[in-house]
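Okay, so chain A shows up in both of these, paired with chain B first and chain C after.
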Partner chain A sequence: MSSVRPGAPAPPPPPDGQPEIALSPGFVARMTGQMRAGGWIAPLLTVVVAFFMGGLVVAATGHNPLSTYKAIFDGSGLQWLFPWTSGPDRDTAAINLQQTLLTTGPLILLGLAVGYAFRAGLFNIGGQGQYIVGSIAAVWAGSSWAGMPGWIHVILAMVLATAAGATWAGISGALRAITGANEVITTIMLNWIAIWLGVYLFGLGGPLQNNAQPDVPISNDIVHSARLPVFWGDADLQGLHIGIFVALAAAVVYWVLLNRSTKGYEARAVGFNPEAARYSGIRVGRTYVLVMATCGALAGLAGSLDVLGWQFHIATNDIQGTQLAFLGIAVALLGRNTALGTCLAALMFGALVNGTSVRNLDPAVFEPELAQNLTTVIQGLVVLFVSADVLILLIYNKLRPRRRARGGGAAGPAGDTIEVVA
Partner chain B sequence: MSTAAITRNLRAPDGGPSSGLTRERALGWGGIALGILAFLMTLPPFEVRSIGPSVVLAVLAAGLGVAAIVGGERRLGGGAIAAAIVGVLGAYGATRSGTSHLEVVVSWGALTAAMLRYATPLTFAALGGLVSERAGVVNIALEGMMLMGAFFAAWGADKTGTWVGGILIGVLAGMALALVHAIFAVSLRSDQIVVGTGLNFVALGVTGYMYVNSYGAQGTPDNLPSVPEVNLPTDSLGFIGQAISQLNLLVWGSLLAVVLVWLLVFRTRTGLRLRSVGENPRAAETVGIGVYRTRYAAVVASGGLAALGGAFLSIGFVHSFSQNMTAGRGFIALAALIAGRWRPGGVLAATLLFGFSSALAQRLPEFSPSLATLFQALPYVLTLIAVAGVVGRSTPPAADGVPYQREGN
Partner chain C sequence: MSPQNAGAAELALELRGITKRFGALTANDAVDLQLRRGEIHALLGENGAGKSTLMSVVYGMARPDEGEILIDGEPVTIDSPREAMDRGVGMVFQHFMLIPVMTVAENLVLGAEPRKHGLLDLAGARRRTRELSDRYGLKVDPDARVSDVSVGQQQRVEILRALDRGAKILVLDEPTAVLTAQETAELAEVLRALRDAGTSIVFITHKLHEVLDVADRVTVLRRGKTIGTVDTAGADDASLARMMVGRDVVLRVEKEPGKPGQPLLELDDVHATDDRGLPAVDGVSLHVRAGEIVAVAGIDGNGQSELIDLISGLRPCTGGHVRLGGKDITNCTPRAARDAGIGHIAEDRHRRGLVLDFNLSENLALMDYREGTRFGLLKPRRMLDAASRLLHEFDVRGGSPVTPARSLSGGNQQKVVIAREISGNPDALIAAQPTRGLDVGAIEFVHRRLLAERDAGRAILLFSLELDEVRALADRIVVIYDGRIVGELPPTASDEELGLLMTGSGAGRVASS
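Moving on, here comes the complex of A and B:
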């Protein structure tokens, strides 16, 4: 502003103005530092503490936490991995594990969608909305054009879902870049807008409601040729479809994008210090838009996997009930925003979700409706304790005093003890 | 100190150099008023049935807007042009629709009463956010604190048999969650946004768990004690009189809370200390103000206020509890806090606007039942626009969201 006279309007915000509340750059830096130094012990501690406290909730309401967790574990099908599980147990475990992996695929993508934003200093709580618009696009594309060759149809539906998610998240990125509006609030508002949009589209009299039953608020079915092929288990009993490989491939792309590409470098630079990034010539505002669009693309793709892989249609209830995307936040934070960490955290939460589902949890041991809320509590505690790195690192450092003493306090450049940067 | 922080500190807290009424600002506001008038005259009770006068007013409004922009007042000028466009579109819609529909939808007395009801939970929560953020702690967990208030007020009212007991237990539950927020955000210096997000999930899980555990499939009992309505003999005093003749006690409580929070934060020594901790904690500590203690108190108070909003939802408004019943209201309250520029009066204006949009969303289906669900998105769209539109002018407390570390720690 060359000449500011009294009474003139306030200078417009910088083109990529910082919003009033944002993730502290210190947090982003700390998480990255922790990844280098803390390894996988800090996340593991986080999980243990969260499950322990969840167990306290179970115990406080008069249930047995150990048998509850055992039943949840059995419901997740993870015992299939143990070689000593055999006979009918093994068959049941296989079916349960297929369900767990069905959830793990989208969760990987939803976790990456949060993690990439985190690395750029953005907090994408809008996975739910991006997932919903992605699934809306996929169900529309998958149920139209019945004569199209199968693989083109599948890819087209996925691409459209990806584009829809990217657009939806891009709105938040653009608002942050242009007006400095906080993406936490805008992504949450876009979640609710996506929910009501979906309820309108598939609701009674809505434009995308199914043609066959006018009194059922549900979409048309995905045509058979546009469904993702099942490679493990019975296709009629919701076997495991190839979507998990799409998710794993996305994790590889994520790693390359973040660590080996210019765009990823710019995103990380902005996450560390937007001011410094700007002075070094990175267009911060454009980075915000691109990062958010990438995140939305991942979440939208997750929506298409569920629709094309096992749901095959969307009811208005599904749209209002979907909480999967919020788990992406816990997955990303627990996985330290890395590709591998996100995949492992997604497997854990996928197991938790299916272990507590009505279908898999033995109601004689613990009511599934209660257990699903227990999942939410554990999810919240994980996020809470990841944020409190000071606390977890304190425990971590307390647990290894001897090695610290032997190292004499100066143990290499990475530091033996993890320092907390304020 | 980063350059952003320096520029931010240079700006005066209230929009800085642009405050005060200049000729350009008057032009801008005049244009906005004319644009609104263009719409208003086609609605009951005036019901001008032709579009002509509205078009004339809208053109005038746009002209004033252009004049304001030429004079350098871009924001208000843009606002005037937007008001002109919205005004003429609204007037077109209103003149085309039947008067009977119009009179059902735009029944000012009922609309105002509904606006106040929908605004109440938001006002309580936004005031909570104000207290916390004025002390320098961002409270994303308002949503969770409201939810705690909503469930535990219903649970407490059921167990104690009185609504007073319900409110007490609800507020205590909100404060308990807020205490956890304070421990993490203040003592452990966690990232406040991540802590808040985690606590929102914890609140969602805990209230859902307790709800299923206590009430199962039946839901909360039908005879839940509820906060009483206040009946006033004001029915003859125009639409405002009709609107306020029967409102819930907590609606009045929220308006009182606006005044009380304003007095506390801006007119007392305690408030001055609170704000100094939010603006410059180091300086506050130097003169002997306990930064941690102040922030703890502010966050816990904020939890209590947000929980009051939640309590109103469950035992003052809906008379039952359902899982995740706050439905993003905590975040709308945060947006209202930003749009209201961290001041009680501004916050009230913003929550009334969001409340009005919710009230309208309940009545618009009269025009088109198939679009009814789409109208439900209105408050969220409006919040999006508000956050995007006002942020440039809005300056938070300087140390908002910055964890404070005592020297020598």
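Moving on, here comes the complex of A and C:
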């Protein structure tokens, strides 16, 4: 068996379906538009309602939702943050939290990769493909040039992975800019191309297949000097590597890029109103290419973190089983495309993934096999509720007099109530 | 003007002390309104005066914080549009609530479909449409698709639908905003006929002449308060404008004759196609001199939009040359056109002129956000300072530099666009429908400013569908018809002279002023 995501469920069957996100015509526009207020009430309510509904699912299977959530929380290692956790509990929690944060790092990057596109009015559903080409570039670079000094080697591998992701997504951006091809379609198609490219490269007889094990569809190992240093926990037991800081740094860069840079300003202008952007002299097509390339760079970097941090090689069934990037969409939606929100949402989903894993969840409370599906259920509910945030706000506004302005002509000067709250 | 208790029975609708707040903003402040049975009552006010809010209260879309609504003398509460309909209140919105792919008859019965054996009775729907159409003299074709009929026709469908639901009180929100002059005249006829048949009508508008033309009485709102109700019989433009704006308004600004200098903007036999690839601008030649306003008059859709786009680099020029100050700027990018000195007050401020979700400082920086930047980082401080200065200079009200553009009234939004374009210090300024949808106070401001910019030596090319505006501002008028300049007239030209040229029946009198 090849590498398995730390504490994560066994790879699900090959992805035969893309994530189920309703692509109503106004979806991306709404995602672009609703982010301006940066409100925290709606995402918080979304989480509460999603967990509540997830609890109903747990109850329907005949288990106690509260003790199940408690066990998931324990499995995530988050109780390490409480000072009263001590003794052996604290050691276990530390290991679990390391696992959670190992997932959180790439999830932050994948969430940003979706969020930046949303801000420019694009839907990057191709995080998966960009992540895969990033991992391929990283594993190739990291397993070659054995004699290179470690730091240079690591950075080179990460830069190559970033460039590969940027190129991959840039293709979709260029297609959108030049031919008007919808990036939703092209990024999905490039996902499949990336998957089969990886299967070919690392499959039996493939050009990058392991030299020493001709019978295993797996890549060469990353040389030791090119691995990301572990700073917390045991390096041999998938301790926490410094990639989490790379991800946090990327979130800071993302904030500056989006809010303080001319390129981010152009991206937001294009996202809100491409026609006004064009009229102002902003080159809309070029902005599409740049935005997509930036997103791809983030997703590619995420791939390199996993490869250089704990996987150290790629097997063909890893590539086919990668679902992390789709979780990135939920992260971006829940995090409202903001830097801080994305980090928090990534932590929540990282905790959920690890808290429900076979390794971390107490089977006496809830069978991990079922619990893994709970992650998917909650992921789905989050996407559903964020997309249908009107529902959430309805709950919030329930006792208030609601004013649904029908058509612009009827709207008062205060605008739409729902948007004000969001 | 004072409420007469004896007359309560003859009031179809009465509002007493309606107050509606949105957060810190009081949109309606103790507003009173008395609608008599069988009258056309105009609700007049500037953009943002609270007219639409008041009517959304009547139609059950907003619940008033204080005040009473009386229908036929009885106090009622209206919590939803459906309740409003049940009480005989019908509403026609500025943006129609029609489904374009369905027929007129299907749209008309939508929400109250006739059934036969549990199935939709289309024949019944058609019959009902025809009956209504005959009874009220509103001609519509029941079988036409809504997307195929004119805007005026669509509005009739809306009116008929309200009548079909039993509306005794009909509220029309800025019904003429989307209509041509001809359609507006037809609508006035329709409303008079409905009034004579006993329907009570509230007519929301900010256009003075419509009030005088159509309404029997008028209630004026200003900043959410009732200023007064008067009979239109004794009122005139000036008195209504004073009530509406709160001061004397110059309805037609005085202008000195221009002192034109060298030609700055020159078009030489330019051509362009429309979005479908058909010729739209077909060999236009004209020039605008420094310190001169040249107005392009014409009926909408005769190539004006394409000509604007062509000059500002938003549409390819398929033939001919555009020169600015002697420099060829044909087919340059929008940014290069701006850098060369073209300013452009966009025709549609929502679609083009503004990013509504950006705040005012971001909107005002749309052309110069790169100024003074280093390492590709914005200068938010500079943007905010510049915005404060411009908002003050152009008297933009209702917002600070960090207010979203969306929350400003139309007039103030337009001032933001104008402030930005003028602050770019362009040699030539294209002003496309610069006062569309603005009230008289804002129009006066825009007109004064454009004349001031003319006197400062800019070359201004004005596109307008309003002949009054064209005459008020222009030093020369050129008429565009079917993508060609068919004549040039002085600003003293009469409606008839202009009209003949605009409809293509003029004798191509090309003369210089």
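Keep in mind that, in the parts below, the second predicted complex is superposed on the first by the 359 of 422 C-alpha atoms of A that agree within 3 Å, B and C clash if a C-alpha of one lies under 4 Å from a C-alpha of the other, contacts with A are read in each partner's own complex, and residues count from 1 in each chain.
We adopt the following convention: a contact is a pair of C-beta atoms (placed from the backbone, for glycine too) under 8 Å apart; a residue touches a chain by one contact, two chains touch by 3 or more.
Just so it is clear, the structure is predicted and the values come from calculations on it, not from any experiment.
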item: First, second, both or neither for A:L333, with chain B first and chain C second; value: first
item: Touched partner set for A:E275, first chain B, second chain C, both or neither; value: both
item: First (chain B), second (chain C), both or neither touched by A:G380; value: first
item: Partner chain(s) touched by A:L237 [first = chain B, second = chain C, both, neither]; value: neither
item: First (chain B), second (chain C), both or neither touched by A:T262; value: second
item: Touched partner set for A:F123, first chain B, second chain C, both or neither; value: first
item: Partner chain in contact with A:L81 - chain B first, chain C second, else both or neither; value: neither
item: Touch count on chain A, higher of chain B and chain C; value: B
item: Contact residues of chain A, present in both the chain B and the chain C interface; value: 275
item: Partner chain B, residues of chain A touching it in the complex; value: 4, 6-10, 12-14, 17-24, 26-27, 57, 61, 123, 125, 175, 178-182, 184-186, 188-193, 196-197, 199-200, 203-206, 275, 326, 329-330, 333, 367, 369-370, 372-391, 422
item: Interfacial residue positions of chain A with respect to chain C in the complex; value: 33, 36, 256, 260-263, 265, 268-269, 272-273, 275-283, 401, 403-415, 420
item: Sites on chain B touched by chain A in the complex; value: 2-4, 11, 15-18, 20, 22, 72-75, 138, 140, 180, 184, 188-195, 197-206, 208-209, 212-213, 216, 327-328, 331-332, 334-335, 338, 369-371, 373-374, 376-377, 380-381, 383-384, 387-389, 391-396, 400-403, 405
item: Interface residues, chain C side, partner chain A - complex; value: 20, 22-23, 25, 27, 48, 50, 52-53, 55-56, 59, 61-63, 81, 91, 93-97, 173-174, 312, 314, 333-335, 337-339, 344, 346, 351-358, 362, 366-367, 369-370, 373, 376-378, 380, 404, 406-407, 409
